[in-house]
Structure formats: structure tokens, C-alpha cells
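In the two assemblies presented below, chain A is common to both, partnered first by chain B and then by chain C.
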Partner chain A sequence: MDAQEKRRRLANKVKVNLAMTVREIFDAIEDEPSRPQNMAYFDRIFKTFTDGGKGAVPREEGRKLIGTYCLFVPEEIIYAAGGQPVRLCAGSYDSTEVGEEFLPDVACPMVKSEMGFSALPVLSFYQDCSLVALPASCDWKTKMGAIMEEHAPVMMMDMPRIKESEASREMWLSEIKRFKREVEKVTGVKVNRRRLREAIRLVQRAQVEFDRFHAIRKADATVISGRDALEVLNAYFYDHAESWTAAMSLLNDELEERIRNKTSVTKPKAVRLMLTGSPMVFPNWKIPTVIEELGGALVADEFCTSNRYLHDKVAVDEGSVNDMLHAIADRYLLPCTCPIFSTTVDRRDRLLQLVEDHRVEGVIYHTLKGCHPYDLETKLTETLLRDNGIPMLRIETDYSPQDVEQLRTRIEAFMETLTGKRRG
Partner chain B sequence: MKVYRLRIAVQFVCFILLVYGGLFLIDLGSRLPTFSCAYMDDRGGGCFFIGFQHMMNRPLGEFLGDAGIRLLKALGIFALWAVVLNKAWCGWVCPFGFLQDMMTKLRTFIGVDVSRFAWMTRTRYKSVKYILLVLMILIPLGMANSVFGLPTLPRDWSVAFCQICPARLILPIFNGDFSQIYVDFSGSVRMILTSLGVILTGLFFTTAFVKRRFLCSYCPMLAALSLFDKIGLTSLKKNGQRCTRCGNCSRACPMEIREIEEEKTLSNLVTQDCTLCLRCVEVCPEDKALQATFCGVPIFTATQEGFLKRQGLPGENKTEKEV
Partner chain C sequence: MSYFAGIDIGSATTKVAVIDDNQILGYKVAPTGVHCEETAQQILGDLLKQLELPEDAVERVTSTGYGRRLVKFASSNISEISANVKGATWYGSQAGVTVRTIINIGGQDSKVIALDDSGVTKNFAMNDKCAAGTGRFLETLCRIMEINVTEMGEVSLESTVPIRINSTCAVFAESEIISLLARRKAKADIIAGAHYSIANRVARMVKRIGLQETVFFDGGPALNCGLKKALEDELVTDLYVPPSVPQVTTAVGAALIAREESMNDELIEAESA
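Showing the complex of A and B:
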């Protein structure tokens, strides 16, 4: 059997497995009572994964696809240049096996999964990208570019690690400008003042809906499950910002109605939990699923794939192209709470603010095996939360579904301590 | 609320009041902590510095008598003004500041990008305004007092600061008076000082196409007002925990103040160069992270919603929904 045939068979195998995983997830979801109706729009995007991801990313007017990793690549620039961004961060266990051929064992499952999708034609949008912008955020991402090169048109972006330094900021701004030139080359459209302003507005409009959604999750009634909250933000990876905003607006209307009617997806006095740590991407929803099956209320999260994704905003000041590029550079670098940065202050304050705003009783800290940056911050976070009277449960896991039962036991025990603490 | 529009309106009214107030028999006194130049014939109030320099031009002994009481009275009135409005004198009242903001408008209109100092340069020049303030006290004293038997400074040093101040050359123009634009060749000291005045006036016009409020960074009035930063009734407060250090504030700050972004623990953010223009609060996207207060009562607070509105949203969003 030649290599070509072997590759085709492997791709098919992953495709079938992924389709099974996705179907199982949505079959289980269908049985859930009191799920918001407007989730259907977001479900559709993920259900396309059963069919090679066809139609997951809108491709009107022949827009060029620009793949991005992490949350450092400014989609405003992509939209302004007439491209369609698609965030390629992956959460599939089925493709990690393929990625393992290219990466060492200790690599985190996320890069393995991403590598798998890049190397094999499983989800079409991984192969359709005209440019893949890969920020050198963590060590895995830094080297992934070179390993991925033969499968994708990679553009590496240098990431500064020390946000407080002047040189870092200048370097990042010049990286943003380089990215702009690369995107312009691919799409053939020059980013001018009007187009960039419009693109910034486009994303800001999405942020208006995100802010609404975030405020809704502060309510006493848990009107949407934490898993669904992950899903709607995860859908933004693939969708066009405008369609996403429209769908989000409908969902928010429904959720606000639910707050008025006190329609909760959990029991009235459910323990209020927050998830944080390494990113959780579809279909890796095992932890939120377990928590919610046990009756916990997931009222907040702090993930780069979710809450952090759309929170920070570009502030246009004087409105020239350079001013806007500077604003964009700052927005993607400075407020980011990713642990790859030397400072921990921003993340600590963000966590405390979320705990306060969402009245969180316990935090579940998720680290993916091999995800060193989050692992390094575990102790600091635990101490910080303990000092503020918030218990924390650390879970280290990967994308494999094998440890679900073990996780269930641990999370159940953790939730019992929290209920015990409530009684005093 | 679009604060920058309100600010321009207030600045405009203050400009009319201070530059043409005299025509309407308005007189706010001559102890104003703002560059309402005393060389303007139609002024509605005068800059504190010219009187202050005259008052300091006394033998030290006289300060124990009448001169001292006059000086204390003047300082008291100045302090009172300063405590009430604090740096808002710079950001909201100063006619010379207003003119610089108008030049900035012109610059952005013709599409010239702003440029920024390197961090170290900015820090290095921070002391200039204090040096000018100290000189403003020492020079008049040196004219009336001899140190260690050395000769006193000649009369040419009289109101030395006014001689170099570019506001003296520019503001009277609005009263139709171009006579202040000159170099005085009657003596070497006067020649140097008035030449500096002309050079700074030139810088006023040229730097406006490079930077925002370039001259304010060196203004001794800013230095004098900064003595009241902590006790001023008008204040700028920050809640460190709510701040994400996104840098929007320091990027939009016309005075390039970095503390506003970096500070996580201090709550009073009226720093030495702050002009209380409140641009930082306008561009702050975090709920209640920044707040302007008067006597402790919030008068303008940063909110997510307000931020997006000022960015031109969600005006169109709403119409979309209605359609």
C-alpha cells in the first residue's frame, strides 16, 4: 500500500470517528430539557463536523480563508482585507492520534489535534486556508510552524512575553503590520482607513452581544448551561462575525426572557462554579458535561476560547490607519490573560473580578497534559483563590474520554465540600 | 455622554470668557491658575504668574510685612482656585491648551499621525516644568536680593517667564494685537528671553503637527497645579482590580501618561502631568475601572456600554434590529 492510500484511509478513519463523537454529543444534548431554542443556530455549525466541516465557515463572494491560532491574530485586519478568519484551535481526541506522529508524547493534546487536522483532509477548512497565522505563544506553538509547514501556508508571528516593556510593544506592533501586509498579499485588497474602521465596528458589534451575554450569566438564575456558553463562543471561531452577532442577539433576547421568567437549567440552589485553565474546544466538553450532569451551575469561565475571546476592545482614538493598527496591537497583547506572559497580575485580577461578579463558590482549574503555561500558574492561582475564600479543584487531563468516570468522582466530592461549606 | 464634545464646548466658552470677557465687564481677578495672558487687553481674568513674579521681586525682609501678606493673599486665592478644579484648569479652561487642542484637530483633519516620545525621553523631560517653576521664584528674588554680596540680577530679567511664554505672543492676537511678536534687542538678556519666546511660539505651530499638547508637558502652571493633585476636589480615581491594563487610556492620553495604565494599587490617578481631560475615562472599556469625581461624588464613570457608544455603537445595531 502506498503512502497516499495509507493517508487517505487514515483520514477516513478520523472522519468517521469524529462524526461518531459529534453525533453522540448532540444526541445526548437533544434529550436535555429546557435548552434555549436559539442554540440550534450554533449546533448547526458543529454538526457540519460530521461531514468534513462543509458549510461551517461561510465562504460568500469567494472570500479567502485566513486561519488563525490562539487569540492574538487580529481578525479586524482579516475582515478589512476582505478575508474570512477561521480559528483553527482544535479539541478533537480523534485527530490527536495523527498529530502524535509529528509531535513528541509530552506535547499537549491541543497541538496534536491541530497537527492532525492540518496533516489530513478531515475538516475541509483546515486545508482551504490561504494563510495560517501562528503566533509563537507557547513552546509548542513556536515549533509547530516548522512542523506544519509542508501542510499549510504558515506565517509565524513573534510574540513578546513581557507586556510591560516598551520594546515588546514596538515589536508586536511591527508584527501586526507585517501580518497586515501578508493578508493584503493573499486577498489582494488593501487595508485602508474606511475598511479597517468598518471591520473594527463589525467586531465591536459582536462584542456588544458578547457583553450582553456575559451580563446574563451574572444573574441568579442559570439560564444557559456552561457547556452551551462554551459552544456559542466556540462557534465564533468559524462563523462570520455578522451572522454570529445576529444569532447571538436572538439568543440573548431569549435568555433575558428566561431571566424574567426564572427559567433555570439547574436546580434553584445549585453550586455556582467557574471553569478556568487550558482552553476547551469542541468536542472536548467532557468536564462541563460532567459538572452539569452532577447538578452544578457553571456560571462563568475564563478561557481563551470563550470568555477571554471577545472581552477586550479596540479603542479607536484619532482614527488614522496607524492609530487603528496601534489600537489593535494593544488590544491583542496588553489585556490578554494568557499565562505565556511573565506577569500574573492581569489574570489574577480578572479571576477575582469574575468570582465577585458571578458570585462563584468554587473554581475548577483545568490543565491539559503538556500545557506548561497553565500548569505553572496552578499553585499561584490556588493560593490566590484560597486567600479569597474560594476552594479550587485542579484537574489535569487530556482529550481522551477514558477518565470521565474518575473525573466525575472528583468533581462530585468537590461539589459536596462546597455544599458543606455553605451550610457552615 | 461624549465627553470630548462637552469638553470642547466648555473650553470654547472659557476661551471667550477669558479672552473677550473684558468687553462684557467680566473680571475673574488676576490670580487664575491658567494661561489667561495679562497682555490681552480684553481679558476676562489674568494669569497668576505675572503678578506672582512682580510680588517675588522684593528684598526678603519685606516679606515679613505688607508684601508678605499680599503674597499670602495671592497664593491663597490661587490655591482656592486650584483646589476646586484641580488640573481641570489645564484640560477644560486654559485658552492656550484649547488652542493646542484645536491645532490637534487640524492635524487629524489633514491626516497626520501623532508621534510619541520614547518612554525614557518622556520621563527625562518631566522635571523641566518644575525647574521653570523654581526659576520663576528664584529670578525675581535674585533681582531684589544679593547673594553672598554678588550683584543683583539686572532689570532685564523682569517677568522673565512671561518673556519666554508663547501664550504672550499668541493669545493677544485674538484681541487684534500683534505687537507682542517681537525680539527685544535692547539688551542681551532681553534678546535671549524674547527670542526664546519666538522660538517657543514657532514650536507651538510646528509641534502641533507632530504631538498633542507638546508645550503643556513643560508648563510651570502644570507644575504649580500638580502640588494640589492629592487634595484637589476634582479627581480621577482608578479601581485596579477592574483594570485589564489594555493600554487604551495611555495610548489616547494627550500627555502620554503611562501610570494611568500601569498603576494597579494607587486609587488617585491625578499624576503630575494629568490635565484631567478625561480622555482616558472615555476610552476605558471596563465597568467602573476609571472614574472622575468631584468632592468624592462620581461625575463620569467608565462603562462597557458607554465605551461602545462613544466608539459609534450600537447606534447602527439598533436600527438593524428594528428593520
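Showing the complex of A and C:
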């Protein structure tokens, strides 16, 4: 068998397995009794993964697809230049095997999965990108660029690690400006004042709906499952901001109605949990699924792929392109609580705020194997939460479905501790 | 013209093959039952009658399979690994295919055999501890779904997205499948899922042994085109299934060995004479 044929067959293997995984998830979801109707819009996006991701990302005639990683790449600039952003962070176990050909065993499953999708045509939006902006955030992402270059048009973006200094701010701004120039080259559209202002407003409208959603989850009644919350934000990776906003608006209306009717997806007095740590991208939903199968209420998360994604706003001061770029650069750097930065203060504050706002009783700290930044902050976070009277469960895992039952046992025991704590 | 027979006593079925000096004359498959030797005797007799050969036509019998030592009328017995290798490489040479790996899925076990460049066994892995990944699992499925074993393959090919079967044990998988049927999931998707489940287990054995092309696939379940497809998808290679009944490859191998041994004996006699 020649190399070309082998590649095609390997892609087919991943495709079949991914399709089975996706199907398994949505077959189980079908049986859920009180799911909001408006989740159907978001489900559709993920169901396309059974067929090469066709239709997940809107492909308007002539629009260039700009791939991004992490949450450092400004979508506002992509929209302003007439492009369509697609976030490529991956959560598939089935493509990690392919990624392992390129990366060391100890690499985190996320980069393995992304590498797998970049190297083989399984989900078309990986191969369709005209540019892939890859921030040198963690060690894996930093080196992944060179490995991925053969398969994708990578543009590395340098990142400061000590964001408090003025030098860092300037460095990041110059990277943003460089990114803007590259995107303009790809789309052939110049980012002028009007376009950039409109793009900022487009994303802000999405953020308004996110804010509503975030507030809804503070309610006593758990009107939407934690897994569904991950899903709707995950959908933003692929969808156009405009359509996503419209769909979120309908969902939020439905959820606010549920709050009025006190319709809950969990039993009353369900234990209120929060997830933090390495992100969980579709189809890696094993943990939120287990939590909710055990009757827990997953009321908040601090994931870069979910709750943090649309949290921070671009604060536009003046109307010139330069000033808007300043505002954008600041927004994507300064409030970010990613543990790749030396500081831990912002994350600490955010975690405590979430715990308070959502009346969280217990936190599950999730680290992917090989994810050093999150691993490094585990102890700090545990101490912080303990000092504030909040129990924390540490889970280290990867994308493999093999440890689901062990995780179930540990999460169940943790939840029983929390219930016991209430009585005590 | 001399005649030779190979008898493969499997845990589920017994296979008998009869060859002459030049070609395979015929074969027969029947359930092993409780008394292996009697069954073997019976099947051989029936086959000879079918071939219009006298009862004592066969010059030499070699037995193989788990019940091989119980066949007292066999002149020799040999491990099923060696017999399978003999049969597979013979079929391969007939078809101009260089066999380097053999996947055998039997009634109650499954094996992967790796051959070196001269067609000699260099490594093998076997799953004989449990029924998952064997013909028994497929039979159970058919019973629950009320379809014929021979239909499974075609039906499974209708599936667009197979349903993943999570249970690693054939007994628990049975409950899982009943529950899927109760939820009205398509039979095609369930059967395809079962095929991928078996393929996954076999792939793990292959990984331990190392895959080298061409891969020869035999044993009764090799007739299942859906299972073949699932294996080809998981192993990322084309499988060669012998055009005759793949279930009897090992019995044929045993018959070929019987013939070889007979020729060796003649040579030895000739030399000492």
C-alpha cells in the first residue's frame, strides 16, 4: 500500500471511530428528560463531526477560514478583515493516536488530538484554513508550530509570560498588529476603522448573550446542565458570531422562563460543583457527563474553552484603528487567567468570585496528563479553596474513555463528602 | 494416487479436509459435540463417501486443534498454529500472495500469527481466555437479533454510523445489546458496532505482534464481510481471505503436513533400503 493510500485509510479509521463516539454521546443525550429545546441548534453543529464536520463552520462564498488556538487570537480582527474564525483546540481521543506519531508520549492529549486532525483529513475545517494563528502559549503549543508547518499554514504568535510589565503589553500589541497584517494579506481586505468597530460590536453582542447566560447559571434552579453549558460555548469555536448570538438569545429566553417556572434539570438540593483546570473540548465530555449522571449540578466552570471564552470585554476608548488595536491587545492579554503566565493572582480572584456568585460547594480540579501549567497551580488552588472552606477534588486524566468508572467512583465519593458537610 | 486427511478439532466445530497428491479434493465441517474422536471418524467417513472414495482410502491422517491428541487414529498431530501457517502459506502461494501475518478468529478463540521471511512462525498472540472477539460472541448476537450468521455481514454494511459496544466481556455485551434493541436502535448499526468491537480487540493483539503485509484472515468468521471491513478499517490494511471456505484452512494445513510426512517417510525408507 503506498503512503497516500495508507494516509487515506488512516483518516478513514479516525473518521469511523469519531463518528461512533459522537453518535454514542448524542444517543445518550436523546434519553435526557428535561433538556432545553433550543439546544437543538448547538447539537446540529457537533453532529456534523460524524461526517467530516461539513456544515459546522459557515463557509460563505469566498470567505477565508482563519484557524486559531487558545483564546489569545483576536476574532475581531478576523471578522474585520472579512474572514471566518475557527478555533481548532481539539478534544477527540480518536485522533490522539495519529498525533502520537509526531509528538512524545508525555505530550498532552489536546495537542496530540489537534496534531492528528491537522495531519489527516478527518474534519475538513482543519485542512481548509488559509492561515492558522498559533500562540506560543504553553511549551507544547510553542513547539507544535514547527511540527505542524508541513500540514498547515502556521503563523506563530509570541507571548509574554510576565504580563504585568509595559514591555509585555507592547510586545503583545506588536504581535497583534503583525497578525492583522497577515490576515489582511490572506483575505485581501484592509481592516479599517469602520470594519474594526463593527467587528468589535459583533463580538460584544455575543458577549452580551454570554453575560445573560452566565447570570442565569447563578440561579438556584439548575435550568441547564453543565455539559450543555460547555456545549454552547464550544459551539462558538465554529459558528459565526452573529448566528451564535441569535441562537443564544433564544436559549437564554427559554432558560429565563425556566427560572420563573423553577424547571430544573437536577433534583432540588443537588450538590453544586465547579470545574476548573485543563479545558474539556467536545467530544471529551466524560467528566461533566459523570457528574450529572450522579445527580450533581455543574453550575460553573473556569475553562478557557467555556466560561472564560467570552468573559472579558474590549474597552474601546478612542475611535482610531490604532486605539482599537490597543484595546483589543489589552483585552486578550491582561485579564487572562491562563496559568501560562507567571502570575496566579487573577485566576485566584476569578475562582473565588465564581465560587461566591454560583454558591459552589465543591471544586473539581481537572488536569490533563502532560499539562504542566495547570498542574503547577493545583496546590496553590487547593490551599486557596481550603482557606475559603471549599473542598477540592484533583483529577488527572487524558482523553481515553477507559478510566470513566474510576472517575465515577471518585466523584461520587467527593459528592458524598459535600452532602455530609452540609449536614454537619 | 495417495490420499491424505487433516482433522482440525475446534472447540465449536470439527473440520476435515481430504487431499490427494496434487490438489484439495474436499472438506466438511460439523459441530464437535462431546466425543471428539467419534465425531472426527464420522465426518471423515461422510466426506469420503461424498468423494466416492473407499473407507480406507486415506493413507495418513494428521490431527490438529485442541482435541488433536484424542484422535487415536491419526498418525500424527500438530499444533493449530503450525497447521494454520501451513494452510495459509499454501493458499497464499496459490494466489501469488506473500503471507506474513495470519489473523484467525475461531469459535472460541482468536489468534494473530507473525511469520518471518521464510514463512516460519516467529511470534503469536492468542486470546483463549474469553469469548469476546470470537465467533461465539457473533453467534450470541445473531441469536438475540434473530438473524442468520450468514446474513450478519451484509446487514452490517448497511450501517452508516456503527454503535459503539462498550462491554469488553461477551456476556455483558449481550445485556448491552439487548438494551440497545429495546431502545429501537438499528440492527445494522449494532452488528457493525460489534464488528468494530472485535476488530478493536484483534488490533490490540496485532499491535503486540507487529503487522506485516500481506495479512491472511481465516476461521469461520472470515466469511463475514462486515467483520472483514471492520478489521481492514482498524488495521489500515487489506485482508486476504482465501476464496474457498476460510474455516478449513487449518484442516487443509494439517492434510498438507500429513502428505509431507508421508513423503519424508518414503524418502527415509528409500535411503535405508
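The working rule: the second predicted complex is superposed on the first by the 423 of 424 C-alpha atoms of A that agree within 3 Å, B and C clash if a C-alpha of one lies under 4 Å from a C-alpha of the other, contacts with A are read in each partner's own complex, and residues count from 1 in each chain.
Throughout what follows, a residue touches a chain if its C-beta (ideal position, glycine included) is under 8 Å from a C-beta of that chain, and two chains touch if they have at least 3 such contacts.
All values derive from a computational prediction rather than experimental measurement.
Novice: Following the overlay on chain A, give me a clash-or-fit verdict for chain B and chain C.
Specialist: On the shared chain A, the partners fit.
Novice: Taking the superposition as given, does A:345 touch the first partner, chain B, the second, chain C, both, or neither?
Specialist: In the superposition, A:345 touches chain B alone.
Novice: Using centres of C-alpha atoms, tell me the angle at chain A that chain B and chain C span after the overlay, to the nearest 10°.
Specialist: 170
Novice: Using the superposition on chain A described above, determine whether A:24 touches chain B (first), chain C (second), both, or neither.
Specialist: The answer is second: A:24 touches chain C but not chain B.
Novice: Looking at the overlay, what does A:218 touch: chain B (first), chain C (second), both, or neither?
Specialist: The answer is neither, since A:218 touches no partner chain.
Novice: Quick check on the superposed pair: does A:312 touch chain B, chain C, both, or neither? Answer first, second, both or neither.
Specialist: first
Novice: Where does A:267 make contact in the superposed view: on chain B (first), on chain C (second), on both, or on neither?
Specialist: neither
Novice: With the two structures laid over each other on chain A, which partner does A:6 touch: chain B (first), chain C (second), both, or neither?
Specialist: second
Novice: So, A:161: does it touch chain B (first), chain C (second), both, or neither?
Specialist: neither
Novice: Going by the touch definition up top, name the partner, chain B or chain C, that contacts more of chain A.
Specialist: The larger set of chain A residues in touch belongs to B.
Novice: According to the stated criteria, A:208 is in contact with first (chain B), second (chain C), both, or neither; which is it?
Specialist: Once the two structures are laid over each other on A, A:208 reaches chain B alone.
Novice: Taking the superposed arrangement, what is the smallest distance in Å from a C-alpha atom of chain B to one of chain C?
Specialist: Comparing every C-alpha of chain B with every C-alpha of chain C, the smallest gap is 39 Å.
Novice: Let me check the overlay on chain A: which residues of chain A are in contact with chain B and also with chain C?
Specialist: none
Novice: Going by the contact rule set out above, which residues of chain A touch chain C in the complex?
Specialist: By the definition above, chain A touches chain C via 1, 6, 9-10, 12-13, 16-17, 19-24, 27, 31, 50, 401.
Novice: Under the touch definition given earlier, write down the residues of chain B that touch chain A in their complex.
Specialist: Per the stated touch rule, the residues are 108, 111, 113-114, 118-119, 240-248, 251-252, 261-262, 264, 283, 285, 304-305, 307-308, 311-314, 316-317, 321.
Novice: Contact residues on chain C for chain A in the complex?
Specialist: 161-164, 166, 183, 185, 193, 196, 213, 233-234, 236-238
Novice: Taking the touch rule as given, give the residues of chain A at its contact with chain B in the complex, in rising order.
Specialist: Touching chain B from chain A are residues 163-164, 166, 201, 204-205, 207-208, 211, 249, 311-313, 315-320, 322-323, 326-327, 330-331, 334-335, 337, 345-346, 349-350, 352-353.
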